[in-house]
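Have a look at this one before I ask anything.
Chain IDs A, B and C follow the sequence of writing; residue 1 opens each chain.
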Amino acid sequence: MKARARLVVERDSGGASVVRELRSMSPLTLLPCPPSLHDGDPDTALVHLAGSAATPLGGDVLDLAIVVGPGARLRLVGVGATLALPGQHPGPSTMSVTIEVGAAGSLEYLTEPTIVVSAADHHADLRADLAADARLRCREVVVLGRSGERPGAFHSETRLRRDGTTLLRQRLDLGGALDATPTHLAGHPVIATELLVWGADPAEAAVGDWWSLVPLAHGGSLATVLAEDTITAYRRLDTATAAHPGLAEPAAAVPVSG
Amino acid sequence: MPADHTTGHGHTHPVSFDPTATAPDPHAPRAEAGRAVRIGIGGPVGCGKTALVAALCRALGDEVALAVVTNDIYTTEDADFLRRAGVLDPERIEAVQTGACPHTAIRDDITANLDAVERLERRYPGLELVVIESGGDNLTATFSRGLVDAQVFVVDVSGGDKVPRKGGPGVTTADLLVINKTDLAQHVGADMAVMVADAHRMRRHRLPVITQSLVDTPDAPEVAAWVRARLADAAPSGAA
Amino acid sequence: MPDDLDAAGAAAILSLVDSRFPGGGHAHSGGLEEAAARGLVTDPQTLAGFLRGRLHTAGALAAVFAAAAAHTARNLLSPPAASRADTNGVGEAEFARATGNGHGSTGRRQWTALDAELDARTPSPAQRAASRAQGSGMARAGRSAWPSPVLDGLLAATPRPHQPVLLGALAGIAGASPTQAALAALYLAVSGPASASTRLLGLDPFEVNAAVVALSAPMSEIAAHAAQTCHLRPADLPAPSAPALDLMAEAHDRTHRMEVRLFAS
């Protein structure tokens, strides 16, 4: 199965962020939520991303493009966990997400866990290009195998650039014999990360029991968590991101005329 | 006992495991104009290196722009002792990790110590003296000439009066040998006359030996005088 | 790579990976000290797992950048002739054009780009600091052993270079191939922690040595992969990562400030 979904959010003349383009394709279903139906910031567009049961399967190629225009704000929230499964077709399942955030725009991309079930081979690719003063908050949780199950393979590639400079590039190869080694996952079945280019960066690393929030060399920061289960992973992720000074700041007001 | 300053001024000596080797160093000292004089303080665990460094800070702190590098084994004990002693601004003390190999860090691979010295030199332009204290090691642990301009090896009487006789490059080739804690000699049955005679013999009567007790002379005046002489040696001619 | 395995290059590689090479490496455990403190490495078996994991992640990343730096250094020393058949595909000529490569070039843009891209692949500040400490330590030794305008250019562009970049540059300056540079980076990625395990845990040095030698096959495999990517633009170089190693590096750094450990990393 091949699916391409696309979401474009722009800022209108009144200062509100509006969905300009929305193309869903099963299993990538994008569901905008009108401001009247949620109690979040009315100037931030809220869109839910719902998968469908039993995807992605081996052989599936899913592609999601997210464009946030200058000054616009988007909160894209996953609904329900994703199960990466083996398929009848040869080859891995792949999910590619490309993100563009324009000047003074902001995107929160908060997905639910991806569970890599036995014999799956899933590739997750994330490319984000930010304007110099754009904001991004991107959370990913990966669970290797259902309870007691030997997981399939999970590969991810993350590329984050701001104004042409690479802030983070990271490849993860999980689900193999290396998971148990002290260098890789040290035996933890859950890994969670949160990428933050969101106002002030932390001045120095914050670190605790199998979590850290670290400032990246050229701006932005990364929270990384290893855990025995998703509840612990989210708790540690919350602890890590609580140390982020930018999240505590109120979002900068964007002038309407700008 | 006064320092033997009759010979040895301006000379440096190669590290050698031959206890009889005290021939003048064929290599010229690494004099780089404008950088601080680097003096190493080495010696076995517990011989009083840190106390000597503290004494030198007290004796010289007001007249010389100085800083200290410590090579602690696995705690910040030495650096903390110096900071607590209040003999020096804590910012003037750098501690380096030695990867469980204190002798490697001062002799075979001096990178971490050179980095620390250069950090201090950058932090304090015009720095005149850096004292580098080795981690407590053994009788064979000496400083590389790539790291220090002159070195002091410290032994103490509580290890017994046979220590100088055992030789090793620290005892035989250090620019200055200090026999420390002389006040304990009577308690441990160490014969000072034997120790001093052995020390001079092992050093071919050419390199200085100082005996001292920091209980009796807390500011280590003789060692401080020797350090002043090293600073004068390094000063541009006419300015000394 | 028998085509460019010349004797001078091989000798340089031997020197660079010698545990007696005075580049400051002996004070770094590559995360082993923290892993040992947590009881994750206790014996030759758990050490073998640590070394294998490190080889495939931090080691592979170092290999990629060492190979790319060796390639860059060699090109700066003798730029590929425009007419020469391009054995590495289109990337080579494109790279040379894009970076203003040629005689008289100091390679500033190449070195700065490699430095920034390795930064981006090293999220842990403690690991960036350890890499730069070892890179500048190695530079001090390298200036004595392999003086070169290429090395001067690298240090002018990045005064405290990352270790894999500096290692690869020295290898390339000495005539070693990108594969050899990658091998050196891989060997150093495991020999340092292995040596630290004998000092910290008192493990049998013969078993520890055997654990390093047992990685020979993956080492040559990863080195060959790294050499295949050496001509890519720095932004396109692979980025293998090791989450637990990153976390332990930060924990070790924090512990340092409270109770100094034996190793700097």
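Keep in mind that, in the parts below, a residue touches a chain if its C-beta (ideal position, glycine included) is under 8 Å from a C-beta of that chain, and two chains touch if they have at least 3 such contacts.
Which chain is which protein? Per UniProt: A = Urease accessory protein UreD; B = Urease accessory protein UreG; C = Urease accessory protein.
Please read all numbers here as calculations on a predicted model, not as lab measurements.
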Contact graph of the chains (line, ring, star, complete, other): line
Most central chain, judged by mean C-alpha position against the global CA mean: C
Euclidean distance of C-alpha centroids - chain A (Urease accessory protein UreD) vs chain C (Urease accessory protein), Å: 31
Rounded Å distance, chain B (Urease accessory protein UreG) centre to chain C (Urease accessory protein) centre (Cα mean): 36
Averaged-CA centre spacing for the pair chain B (Urease accessory protein UreG) and chain A (Urease accessory protein UreD), given as whole angstrom: 57
Contacts with 2+ other chains: residues of chain A (Urease accessory protein UreD): none
Sites on chain B (Urease accessory protein UreG) touched by chain C (Urease accessory protein) in the complex: 72-76, 95-101, 104-105, 108-112, 114-115
Partner chain C (Urease accessory protein), residues of chain A (Urease accessory protein UreD) touching it in the complex: 157, 165-173, 178, 180-186, 188, 191, 204-205, 207, 210-212, 214-218, 222, 224, 226
Partner chain A (Urease accessory protein UreD), residues of chain C (Urease accessory protein) touching it in the complex: 31, 35, 38, 40-41, 46, 49-50, 52-54, 56-58, 116-117, 119-126, 128, 235, 238-248, 250-251, 253-254
Interfacial residue positions of chain C (Urease accessory protein) with respect to chain B (Urease accessory protein UreG) in the complex: 20-29, 133, 136-137, 140-141, 196, 199-200, 256, 259-264
